[in-house]
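See the structures that follow.
You will see two complexes here that share chain A, one where it goes with chain B and one where it goes with chain C.
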Partner chain A sequence: MSEIGPILRALLRNKTSALLIAGQCALTLAIVVNALFIIVARQELMQRPTGLDGENIVYVQSMGFTRDFRPEAVIREDLDLLRRLPGVVAASPINAIPLSGGGSSRGYSKEENTESEGIGAAYYELDEQGQKALGLNLTAGRWFRPEDVQALPENTDQYPYQAVISQAMARKLYGEDAPLGKRLYFQNGQRSVAIIGVVEHLPSAWVHAENFPYSVVYPRITTEKFIRYALRTEPGRRDELMPVVEQALRKANAGRIIRLRTQSEASARSYRGDKAMNIILASVSGLIVVITALGIVGLATFSVRRRTRQIGTRRALGASQWQVLRYFLVENWLLTTIGVLLGSGLAVALNLYLVETYSLERLNLWYLPAAAVLLWLLGWAAVYAPARRASRISPATATRNI
Partner chain B sequence: MLSMHNISKVFRTDLVQTHALRDFSLEVAAGEFVAVTGPSGSGKTTFLNIAGLLENFDGGSYRLDGVDVAGLSDSALARLRNEKIGFIFQSFNLIPDLNLFDNVDVPLRYRGFSAAERKQRIEEALEKVGLGARMKHLPSQLSGGQQQRAAIARALAGSPRFLLADEPTGNLDSLMARQVMELLEQLHEEGTTIVMVTHDAELARRAPRNIHVLDGAVSDLHVVGTPSLRAATV
Partner chain C sequence: MFAYYLRLSLASLRRHPALSALMVLAIAIGIGVCMTTLTVHTLMSSDPIPWKSDKLFAVRLDSWGPDRPWEEPNEPPPELNWRDATALMASDIPPRHAAMFKSMFTVQNEDPGFAPYMVEARITHKDFFALFDTPFLHGGGWGDSADKNLEQVVVLGKVANDKLFGGENSVGRTIRLDEREFKVVGVLADWQPVPKFYDVNNGNFDAAEDIYLPWGTAQPFQLRTAGNTNGWKPENIDSFDAFLNSESVWIQFWAELPDTETKARYQAFLDAYVGEQKKLGRFPRPLNNRLSDVNQFMSERHVVGDDNRVLVGLSFLFLAVCLINMVGLLLAKFLGKAPELALRRALGASQWQIVQLNLVEVGLVGLLGGVLGLGLAYGGLEAVKTLYASNDGNDVRLYALNLPLALQAMAIALAASLLAGLYPALKVGRLAPAGLLKTQ
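Our next item is the complex of A and B:
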C-alpha cells in the first residue's frame, strides 16, 4: 500500500497515543498467548485417553460394621447379585478408583535384586470380570481367568503369580521388546510376577503425577470389611441403575454402609482445579481482549473527531471514501503490527519466566503468528466503525468553519 | 470551463430552510481570473463548494470542463476534484502531522503518480512558491503566509486547470496577502483559471473580472470596481 510512509510519519508525530495502543496490543498479545498456551496444555491434560468406559462405570463402596461380618462370603453374594441385575454389563472388586486421587502405588523394575526404587506405578486388584467392568482394551496376551484370582486378607505375604500391565508401563520397562512372559520385580527385586497381558490404557489415580499412565493389575480380591466394586452398565443406563444397585445391596445385607460414586465424578473432582483455572484464565483473557478492542475504538473515535477537518481536506483534494477508510485501516494495522512485534518478544519472555519459576512447558511458537492474525482482525473489527464514520465526512467540511 | 445555470441550493435544518443559492448562473471561460465578493452569508462559499464538487446542489445544471456533473458517483467526483481542481482554503488546511513535502504529496498519491514523478512535482511546486528550502518543515514551523504558499503549492502540484480559493488571504496580514495575490496572478498568467472569493476590495480590484453575490445570486456581472460595489464589500 502506497500510503504507509506518510501514515507512519504522521503516527510518529503523535507518539503517545500510538504507543498507548501499540503497547496495549503488545501486552494483550503477551498475556493472551501465554494464557491460551496454558489453557490448551490443561485441556490436553484433561483429555488424555483413560482407556475406561468413563460414562458408564459406577463404584460401589461397602463398609461392613457388624462383628460377624464375613467379607469373603459377602463379596461372593454381592458379585452374584450385581452380575445378575439387568443392565449391568460386568462387575469386579477393585481396590482403588482410577483418576480419583486416592490409590496405591509401588516401585517396579525388570531386574532381580536391584537397589533401585524402580518405576512408580499404580497397582490395581481386579478379578476375571475386571477388564469388562472397566471397559479396558486388551492389546496383548490375555486377561485373568477365574482360577487365577486369589482372595486374600489385607495383611498377608502372599502374592498372586500373574499381572496385566498398561502399555505405557510396558514401553517404559521394556521399550520395544514384547513384555509377555517377562517377569516384573518389586520389593527391591525380591518378588516377582509374570506378565500375562497388556491393556492399551489404565491410568493411575493421580492425574498430575508423572506416573499417570503406569499401572499394574493383580488377579486378587482383598477380603476386608471395606469392599469396593467396579461395575459397568449398558450405555446410558448408569444413572437409572444407581438407586437400583444401592437398594439391592442394602436389602441383601443390612450390616453395612453403602456409598456409590461414578467414574465421571471422581475424574471431575481431580480436574476441578484445572478446570477452574482454565475458566479464570479464559475469562481474564477475554476481558483483556475486550478492553483492548474498546481502547482501539475509543482512540480511533477520538482521532477521527480530532481530524475531521483534515479528513474533509483530504476528500477535497481527491480522496475517495474508500481511500479515507483505508487510511484508518492501514494506520490501525501499523499500530497492531508494532504491538505484535513488541508483544511477541514479551510473550516469549513471559513464557521463559514461567518456565523458570513454575516449570511450565516452552511456548509453542506457532501461537505467535496465530495471535498476530487474531490481533489484526481484532484491530480492524474495532477500528471499522470509526473509520467508516470518517469516510462519510463531507468534503465540504474543508471550507466550512467548525 | 465552468458553466452554471439556475443552480439552487437549500440547506434544511429541523427549524429553518436556507436558500443559500437561487437561480445562480455563471460562465467562467478557461484562463479567466474571477474575484467573487459579497456580504457575509450571501452564498459565496456555497457557490465555491458546488463549483469545486464538494457539495451537491438541488436544482439547475453545472458543467465543468464540458462534463455534466449531475448524477456522478462519489468516487467519480473525487477523481474530478483530484485531477481538475486545486483548492486554497482560508485557514490553509495543511495537515499538521505532515511536513511540507508530504502535504504537497497528498493529492499526488490519490492521483496515482509514480514516486519519481511525485518527487519532481513536489519540488517544482514548492520552489515555485519560494519554499524549496523548507520541504522538511512542519506547518507549525512556518508563518501564515508561508503556510498559505505551501497550500498553494499543494493545489497546483497536480497541474489542475482550475484553482478555487475561498478567502485565501483572510487569515493573513496585508504584506503576506499581497505576496499570495502576486503568486495567484503569476499562476493566472501561466494559464490557470482562477476563481477567488474575497472580502478584500483592493485585492478584488486587481482581478480582471469581478462578480458580486447577493442573496444567493449573481447581482452584477459587468461593473468592476464601482464605488457602490466597494462600499458593499468593505
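Our next item is the complex of A and C:
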C-alpha cells in the first residue's frame, strides 16, 4: 500500500476529474440506497398475510334491474345453485371484497357509552359458509351456524347479535385477554355484539390504511338488488369454473347483470401503484448503476491512454504488471471511498427530506455499508479492463518517443 | 464558421465512437427518464378547464363531527349532505351552481332484444352543462322544472349515444334506466376532463359519467350514490328519507363566482347559513366553510400523488448523475484533444474560437442525446402506461407526449449538455499552447 501517497498526490494534481468521479459515485449511492429502501418497504407491504385462499376465490356481482326483482328469493336460489356446482367448495353472500379498495367500515370500542370513535375496522357480512368460502383460519371460538344468519334489507334498525373478529383486531382491543364472550361496542358504545370467534387474518378493503388488519364479520345477508357472492373453487379450477358460474346464474335469472371478479384481480388492482413504483425505481436504479459504471470505464480508459508513457517508464524501471494493475485499483478505491463517504451523508439527507415531505420511513442504516461494498465492487469491475490494458503496456513504450 | 465547427465536431465525435456513443446515451437516458416522469406529472397537474378554472369553486361546509377534523390540519369534508346541498341551491348569488352525485343504472334502448349494460350516471342540476362548458352534439340540457319536479328526461354522453343509438341524433327518443323510461333531450360530444376535477372522490382520472339525469329524479326514484358516503354521527338510518336527513356527506357542489365581490357575498351567505344551523344544534365544529377554485381544490384533494412527485425528483437527480458523468468524459476528451487545439491556437485561433468549437461539439452531443431521449421517453411512457393505467379510466391520456413537452425535452437536453460542456470547454480553451506543442 506504499503507493497511496503518490496516488493521492497524482489525484490532487487533477482534482476536477477526481471530484467528478467521487461526486458521481456519491449521487449514485444516495439515489440507489433510497430507491432500494422504498422498494423493500413496498415489497413488505405487498407481502403481508391476507388469510385468504387468494388464488381460488371468485366474487360474483349481480345487479338486478327488473322492478319485480325479489332479492331474498334470488339469493336463496343462487346459493343453492352455486353450492351444487361441482368444483365449488363453498359459497356465501358477502358485502365487500377484501383488499379491493371498496368496502364499509365503522368505529368499534370495548366500552359501553363511550365518547370516543374507537378503532376503525372493516365490517363484512357473511353467512354460515363464509369461513370456507374465503378459506379463513379460525383460531378461537366458532363460526356462524345457519340459525345465526339474518337476511335483512339495507336500511333497517335491526342489528346483528354476534360477530367474529380478526386476531389483530382482538389484540388491538383486548391485548392478551381472551376476546371470546366479550362484547364489542359501536355507535359511540350504544350498540354491541357478542364476540363468538376469532380468525387468524381477515384484512380490510384498504391496503394503504392503518386499519388494514382490523375486521369484524356479522352473520348477515343484505337483501337488495345489488348482491355479491364469494365462492371458493377446488385448487386450480377457478378459471375453468368462472364461465360455468356466469352462465348458470344468467340462466337462472335473466333480470340482472352479472359480473365476475377474482380476489387476485382485486388485490393486484389495489397494489398496482406500488408495483409500478417498484418496477420504475428498480429500472432507474439499474440504469444509474450502468451509467456510472460506464462513466468510470470511459474515464479510466482516458487516464490510461494519457499515462501510457508514464506507465511504460514505470515498467521499464522495474514495476511489475501486478503493481501497475494495483495502482489503478487503489486509485479507483480511493475515489469510490470518497464517493461512499459523501454519498452516505447525501443518502441520509435525501431520506430525511423524504421523511419530512412524504412521511416515508427512516432509513435503516445497514443499507449504507451494504451499498458501500457494492460501490467498491462496481468500481473495480468497471476499472478492471482499462487497468488490465495499462498493466500490459510494454516497457519499451517509454523509450519510443525520445 | 459554424459549418466548419460542425464538420470538425462530427469528425471529433467519429474519432472516438465508443466514447461519443456513451455520452449521447447518458444524456439520452437521463432525458428519457426525466421526460417520462415529467410528462405524467405535467398532465396530472394540468388545468382541466383553464379558461374558467379561477371562477369555478368547489363549495365545502365543515359539517364534520366535534372530535377531529375530516383531515388534518383542518380540512372540511369534501362533500355535502342532502339537506345542506338543497339549502345552498336556494341562493341566487352565483350565476350558475349545481349539486351532483353519481349513481349506477342498467341501461337499455327502445329495442326489447337489446342486452342491458351497467352505466354510471350523474344526477345534477340544469346548470351543470353551462358551468363546465360541456359541448353538445345534439339538443341541450333540461329546464329548471326538471330539477324541482320529476321529469323523466336525460342527456346522453357520446359513448352511450353510440352504444344505444349507433351515434344517430337520438333527441326525442327513449331509453330505459332500471326499467324506467326516460326521454333523451340532449347528446354530448366527447367530454373527458383530465383530471375529473368535479368529483375526485373515487378516482382522480376516472372517465366522466355517460348519462346525466335531472336533480328532480333523485328523491322520487330513491337514487343511491355510487360514490363514497361518509359519516361521523351515529344515526339510525332505516329509510331513504332518513338517509337524506342524515349528516352523511356524499354530494359534490360547484358554483361559478365571476368576481371577488360575488365570492365574498357568497362566502358571507355560507357563513350565515351555517351560523343559523348552529343555533339548531348542527355544525359542531368552528366555522370553516371553504370555497376553492379548481386548481386549489386539486391540490387540497392531493390529485397528484406523492409517488409521482418522488419519481420526478428522483429522475432529475438521475439527470444530474448523467450530467456529472458527461462533464467527466468531456473533460477527459478535450484534454486528450489539447495538442490539436494547441496547434490551432498557435496558428492564430483565439481562446474564444476554441471554446466555441468545443461548445458546438457539446451541443451536437446534446442534440443527438435529446432526440434519442425523446424516443426513450416515448418507450418509457408506453411502459409506464402498461404498469399504471386501468382499462376503464381516463388515465391513458396521462401517458402521451405532446409537442410542447417534446420541445421542452429538447431544450432541457441542449441546456443540460451545454452546461455540462461549459467547464471542460473553458478549461481547455484557457490552456497555454506552448507547453502542449513541445511534446509533439
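Simple rule for what comes next: the second predicted complex is superposed on the first by the 401 of 402 C-alpha atoms of A that agree within 3 Å, B and C clash if a C-alpha of one lies under 4 Å from a C-alpha of the other, contacts with A are read in each partner's own complex, and residues count from 1 in each chain.
The rule is simple: contacts are C-beta pairs under 8 Å (C-beta built on N, C-alpha and C of every residue); 3 or more make two chains touch, one makes a residue touch a chain.
Just so it is clear, the structure is predicted and the values come from calculations on it, not from any experiment.
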Inset, instruction - Give one word, clash or fit, describing how chain B and chain C relate on chain A after superposing. - result: fit
Inset, instruction - In the overlay, answer first, second, both or neither for which of chain B and chain C A:Glu117 touches. - result: second
Inset, instruction - Considering only the touch criterion stated at the top, classify A:Arg306 as touching first (chain B), second (chain C), both, or neither. - result: second
Legend entry - Touching partner for A:Gln190 - first (chain B), second (chain C), both, neither: second
Inset, instruction - Would you check which partner chain A:Ala151 touches, where first means chain B only, second means chain C only, and both and neither mean what they say? - result: neither
Inset, instruction - Based on the superposed arrangement, let me know which partner A:Ile31 touches: chain B (first), chain C (second), both, or neither? - result: second
Inset, instruction - Look at the residues of chain A and decide whether chain B or chain C touches more of them. - result: C
Legend entry - Which of chain B and chain C A:Ala248 touches, first, second, both or neither: neither
Inset, instruction - Would you sort A:Ala316 into first (chain B), second (chain C), both or neither based on which partner it touches? - result: first
Legend entry - Shortest CA-CA distance in Å separating chain B from chain C in the superposed model: 10
Legend entry - Common interface residues of chain A - those touching chain B in one complex and chain C in the other: none
Inset, instruction - Would you tell me which residues of chain C are touching chain A in their complex? - result: 19, 22, 25-26, 29-30, 33, 65, 67, 104-106, 116-118, 178-179, 232, 234, 236-240, 242-243, 305-307, 309-311, 314-315, 317-318, 320-322, 324-325, 327-329, 331-333, 335-336, 384, 387-388, 390, 423, 427
Inset, instruction - Give every residue of chain B touching chain A within the complex, in rising order. - result: 45, 48-49, 52-55, 74-75, 78-79, 81-83, 87, 89-91, 93, 95-99, 102, 105-107, 109-111, 138, 154, 166
Inset, instruction - Enumerate the contact residues on chain A facing chain C in the complex. - result: 16-17, 20-21, 23-24, 27-28, 30-31, 34-35, 38, 63, 65-67, 115-117, 155-157, 187-188, 190, 257, 259, 269, 272-273, 275-277, 279-281, 284, 287-288, 291-292, 294-295, 298-299, 301-303, 305-306, 354, 358
Legend entry - Parts of chain A lying in touch with chain B, wherever the complex brings them together: 2-3, 6, 9-10, 13-14, 309-310, 313-323, 394-396, 398-401
